[in-house]
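Each of the two complexes below includes subunit A, the first together with subunit B, the second together with subunit C.
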Partner chain A sequence: MKKIILGAVIACLPFTSSIYAQSQPQDGGTINVVVQPEPPSLMIGMYSNATTQQVGGNIFEGLMRYDKDLNPHPLLATAWENSEDGKTWTFHLKEGVLWHDGQPFTSADVVFSIDKLLRETNARLRGSLAFVDSITAPDDYTVVFQLKQPFGPFIRLFEVGTTPMLPKHIYEGTDYKLNPANHHPIGTGPFVFKEWKKGSFIHLAKNENYHVKGLPHIDELYWHVIPDAASRSVAFETGKIDVLPGGSVENFDVPRLTELDNTCVTTDGWEFFSPHAWLWLNNRQGPTADKRFRQAVMYAMDREFAKSVLWNDYGKIAKGPIGSKTTFFDKALPDYEYNPEKAKALLKEMSYDGTPVRLMAMPYGETWQRWTEVIKQNLEEVGIKTQIVSTDVAGWNQKIADWDYDISFTYLYQYGDPALGVSRTYLSSNIAKGSPWNNAEGYVNKQVDEWFNEAAVAFPDSKRADLYSKIQHQIVEDVPVAWLMELEFPTIYNCKVQNLVDSAIGVNDAFGTAWIKQ
Partner chain B sequence: MSVQTLLYIGGRLVKGAAVLLVIAIFNFFLIRMAPGDPAQVLAGEAGATDAIFLQQLREQFGLDQPLYYQLWIYVSNLMQFDMGITYRQQMPVFDLIMERMPATLLLTGAAFFLSLLLGILAGVVAAAKHRRWPDSVITVAALIFYATPLFWLAMMAALFFSVYLEWLPSFGMQTVGENLTGWQKISDIGLHLILPASTLGLFFTAVYARMTRTSMIETSRLDFVKTAKAKGMKPSRVTTHHVLRNALLPVVTLAGLQAGQLIGGAVLTETVFAWPGIGRLMFEALFQRDYNLLLGVFFVSSAMVVLFNLITDVIYCVVDPRIELSK
Partner chain C sequence: MNVIKSLTQNKVAMVGFGILFMFVVIALFGPYLYDGSPWRMVQRPFLPPFQNSNYILGTDTLGRDVLAGLIYGARISLLVGLVSTTIALLIGIPLGAYAGYYGGWVDELLMRFTEIFQTVPSFALAVVLVAIFEPSVYSITGAIAIVSWPPVARLVRGEFLSLRGQEYVLAAKLNGQSNRNIIMREILPNSLSPIIVLASLMVASAILLESSLSFLGLGDPEIMSWGYMIGAAKTVIRQAWWLSFIPGVAIAITVLSLNLLGEGLNEALNPKLSGNRES
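The block that comes next holds the complex of A and B.
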């Protein structure tokens, strides 16, 4: 069988030096980072909370890392091949990798992690594993995935947040959720867990036996829990904090902080997630059930204004369901420009009777509160009566999950491929009460369903691209949800920290390669 | 202490336990009236989930059981002094509360004594210099601190002392990563304590100052004070031994109320200064719908209120021997 070699060429080079050659890194030093909110656990295999990934991504590792264009690079896997029919993937593992407790990392760990543990505990991976027929380990350093059909997104499943490698010798045969190692995580990553003082800080230290020679450069890593957004800004200003990961301070503090001396800022490191914000529009009832009303909402919104005032011009206006940094984004989509007149015309055409709509704010901080006010004003300007509804996170989750809303906000990650992060919002098979992260708007289009299902398993990629183009044009016409922006969360940091963000998941696996300029 | 007093205290303790049980049951229903549940919040932070995961979490937390059964489990565990496991951290609630207790006690205790000391002192001075400039200064200052929102005061203090002057740390309880010991550690914690304790204490200082002042002025007009002055006693002794002692009763009442809140902590102060105390724990548990943890904090705080009410009543007798404890 002829095989396509993908990873072997760059396998011998560490990730950083291949892409971002910089001046000679220096060893040593401590980095202080903010972590908000305090994670429930660092056990990345069972909790995929954003901050669990941020801290845990430095303790655990996936088989691959991804650069900003979402190309895979070797980490625990040194090379991989796909068979010609696209159904067999063979991974070659790195030899001589040790778990933090000294045990060797082998193919048995990979099979156990994916086939047993993560299949049971990781909701996001479970969906993708439905395409996998078998996972086997012919020898200690080879793993073979036999797929039922070719699955396009397969190669993008192996970052640490989606598929972290977990130690078989610790978890096998135990109740995963109650395993004491959850409180003292053991991974293969560049940092080992030291201490977690609940409510104060998490301490990680350099892994002296790390499998990439010369890394990590940093000696100590402290993640500080500071619950108040303004206090996080102050902590950075006083120099006690070196890194504010994207989204950890309020947007209105960003311009002030970035102007401080010796302060650097980057919006890189979100390519894999590509957070996509939109308004849920309840397709089932009320005015929002009418396509013309939903289109009117698109024309009524002054998204440029929101972007410049609320987001300090970071981010991009979203054109449709797929983010522009995600694969298969169609550049030729029509625009919904800011055009109140068109919105009014559409409302007139559907003879909108002035039924008020409820606009539920998202309780994720000041920016979202203000965005709600902006949208309300936009909608009222074209004659849509709007009432703002406020609630807390739990209440908001519940109301969306119970479909008890007219319009509300959300933003979700795209995970690098429409089959992983986009289709879930629009597939009618994904309509189910009780979850706010599925097709909560109630959009039903059988044609779109068919295309999505075909696109997930089409082979090769050019076929997928055609299908995703059709999908995007159809969905943009139907406006099941009103897309707002592709969000960018600037990471603000002290300029002494070098090479901070060098992968598509940003600070989540940043500190293994970062260093401090003395 | 007389037998009667001990009997009284015993009786109060029994009553208190009954009150606590009622409070616990009431709280149990109260927090379940809030929309949403811990599984959804926990899964929500992950940004992606499915029905299986939510179901797994609910089973793990026991939330799939009927409500009356959950209540039964909770109350019977509580009777055995078991407060359950937190949903989020997967730790015993009692351990987590105990882990946070010292930080809270240090902060609220320091603020308590600081405000009591400063407040009574300021009140006595203001009353002694009634209608003269020290009185005006103290009254105006007390009014300002009384009326200023705590979080704003805290932010301003952090900006001024930490960012501008660079004298004091702006967050946390100790310098992380220096492994200080002995006196160095104590002074490090003390340094971190100054800002949160004084912002928290200022409000109560103002309350005590106003209370003491008013009470002092009223008492000093009573006949026995005249008698004391008439028999030639030194004015300072009249103030401390006759006026102050009688004027203190309302202050003790108020201090008892504040002491009851010592465990509940200070949500705002702990949040702004990232102080790892119980107030924050409770606040976060509320938003995360961590029922067990929230009920645990509620329980411990209500136990403290019951206890401190009793202590206050006992202190009344010490301050004013005319008051007797009886059923």
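The block that comes next holds the complex of A and C.
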């Protein structure tokens, strides 16, 4: 059986090559980071909160890391091969890796983490594991995944937030949720857990026995809990904080902070998530049930204005359902440019009778509130009567889940592959009352369903790309939801911190390779 | 006519009246003279005041005309102030009148009921009410009325308690007049002056309440109001202080003018005070 060697080739190129190109990294120092909001736990395999991932990603590790183009690079796995039929994946693990408590990391930990623990605790991974027939460990440093059918997104499942490696010797045979190690996490990562003073800070320290020679450069890592947005900005201004992860300060503060001396800013490090914002349009009832009305909404919105005024020009206008930074984005998609005349013509063609539509604001703070007002104004200017409905977070979840809305906002992560983060919004099999994260708009297109299902398991990738192209053109024509923007959350940091973001998940696994210029 | 005369002689009260009159005129006719929705994004955002003659007061965070916002905001502020005060009077006067006139268990019952509302901090209660009934101009007006009637009831009760033993009331009773008639025709007209003074101050506090609710994001999302303008601008106060300052001044002036007018009314209607002034 001829094997395609992927990992071994890439393994020759050191992942951290970029830092050697700059200047010689220096060891030592402390980095202070904001963590907002305070995570409920650092146990990354059981809590998928964004901030659990941010802190936990430095304690735990996945088998691979992903660069900004979402290519996998070796971490705990040094090499991997896929069989020619695409159904057998073999992973070779790094030898000599130690858990923070000194026990060796072996293939038994991998099998346990994925097959037992995460299968039970991580719903998103469980969906993907449905394609996996068996996970076996022929020896201490080899793991074999036998798939039922080729599954394209498989190679993008091994990021630390999705599939962290957890210690078998600590968790086996215990109640995972109640295990005391959840409060004192033990991973293989560059930092070991020291102390968590609730409401104040989380302290991590350098892992002296880290398996990558010479890393990490930093001695101490403090994650500060500062609940008030204005105080977070001030803490950065006064130098108490070195790093503000994306989204931890309000948008309107960003220009002021980035203009400070010795302040660097990057929008990298969100490629894996590529948060995609859109307007839910209720496809079932009212004017939004008419395709021409939904297209009119697309033409009516001045998205460039919203981008420059509300997002300080961070982000990108979304062209369709798939983010432009993820794989399978089709560059040839038609544009819905800002064109009120076209919107009016479409409304006339469908003889829209002026039935008012409810526009439900998303209670996620200032920016979203203003965005609601902008959209309302855009819609009214082409003659769509719009009433803003305001609500709290619980009410918003509830109303979307109960399909009790005409138009509303949301943004969701794409997780690097359309089969992981995109199809869930458009598959008609994913219509179910009670969740605000599925096909809540009620879009039904059997052809698109078929293509999506085919694309998830098509092999090789070129076949998938063809299918996703067809899907994108069809969906962009149907406008089941009105795409707004691919959001970008700038990470703001003190320029003395070097090589901060060098993976597709940004600060979530950043500090193992970062260093401080003395 | 004595009242009007003494009021017109009170310069401070006339200043208050003048400013208030101006706001009423703006609220009534401004939107017709100054067309264009206050929500329209007309210019670049953060245009400072006095830079562009078309938009004298500049534009807000989304490029909306601040002057248009002020004009439309005057309308909602005064409307909510007047309507909610009227409702509060309609609840408070009858309750206080019955309690004061009949006394005994009626008084006990009505006053205990009033105290239920008095013990809850009024702003907190208004926030809860608006949140429960979803923010709209109706729920806001209603909530403000509900939290502001208890002082009216207590005041009217006090007046009735002191007036019900007066000779003319006893005479009316002997005359065989119905209780209702005595309340409406005899006592109420004689206790009107403190109610009028209180009402003018209530309009002021209702405007403040409405602004505070809008500031907290509990305003009617369809309607531009001063409180909303400040609330929306508070986050950019370091970049564009004038966006909070201008509507803030509008609120301050309106509330101040109502207070001045109320003070003047108090002096004019209260014989003792107006006597003092003349002597």
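In this section, the second predicted complex is superposed on the first by the 510 of 518 C-alpha atoms of A that agree within 3 Å, B and C clash if a C-alpha of one lies under 4 Å from a C-alpha of the other, contacts with A are read in each partner's own complex, and residues count from 1 in each chain.
Please note the rule applied: a contact is a pair of C-beta atoms (placed from the backbone, for glycine too) under 8 Å apart; a residue touches a chain by one contact, two chains touch by 3 or more.
All values derive from a computational prediction rather than experimental measurement.
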item: Overlay on subunit A: subunit C relative to subunit B, clash or fit; value: fit
item: Which superposed partner A:Val225 touches (first subunit B, second subunit C, both, neither); value: first
item: First, second, both or neither for A:Tyr413, with subunit B first and subunit C second; value: first
item: Subunit B versus subunit C as contact partner of A:Lys376, first or second or both or neither; value: second
item: Partner chain(s) touched by A:Ser48 [first = subunit B, second = subunit C, both, neither]; value: first
item: Superposed arrangement, angle subtended at the Cα centre of subunit A by subunit B and subunit C, nearest 10 degrees; value: 40
item: First (subunit B), second (subunit C), both or neither touched by A:Glu366; value: second
item: Which of subunit B and subunit C A:Glu250 touches, first, second, both or neither; value: second
item: Subunit B versus subunit C as contact partner of A:Lys240, first or second or both or neither; value: first
item: First, second, both or neither for A:Asn397, with subunit B first and subunit C second; value: first
item: Superposition-derived comparison: subunit B or subunit C, residues of subunit A touched; value: B
item: Contacts of A:Cys495 with subunit B and subunit C, given as first, second, both or neither; value: neither
item: CA minimum distance (subunit B, subunit C), superposed complexes, angstrom; value: 9
item: Subunit A residues contacted in one complex by subunit B, in the other by subunit C; value: 391-392
item: Complex contact set, residues of subunit A against subunit C; value: 250, 252-253, 256, 305, 309, 361, 366, 369-370, 372-374, 376-377, 380-381, 387-392
item: Residues on subunit A engaged by subunit B in the complex (per definition of touch); value: 30, 32, 37-38, 40-41, 47-51, 121, 123-124, 126-127, 177-178, 182-183, 197-201, 203, 220, 222, 224-228, 230-231, 234-235, 237-238, 240, 391-399, 401, 412-413, 415, 421, 424, 432, 434-438
item: Contact set on subunit C toward subunit A in their complex; value: 37, 39-41, 45, 61-63, 131, 134-135, 217, 221-222, 232, 235-236, 238-239
item: Interfacial residue positions of subunit B with respect to subunit A in the complex; value: 34-37, 40-54, 56, 60, 88-91, 96, 99-100, 103, 155, 158-159, 162-163, 166, 169-173, 176-177, 271-274, 276-277, 280-281, 284, 287-289
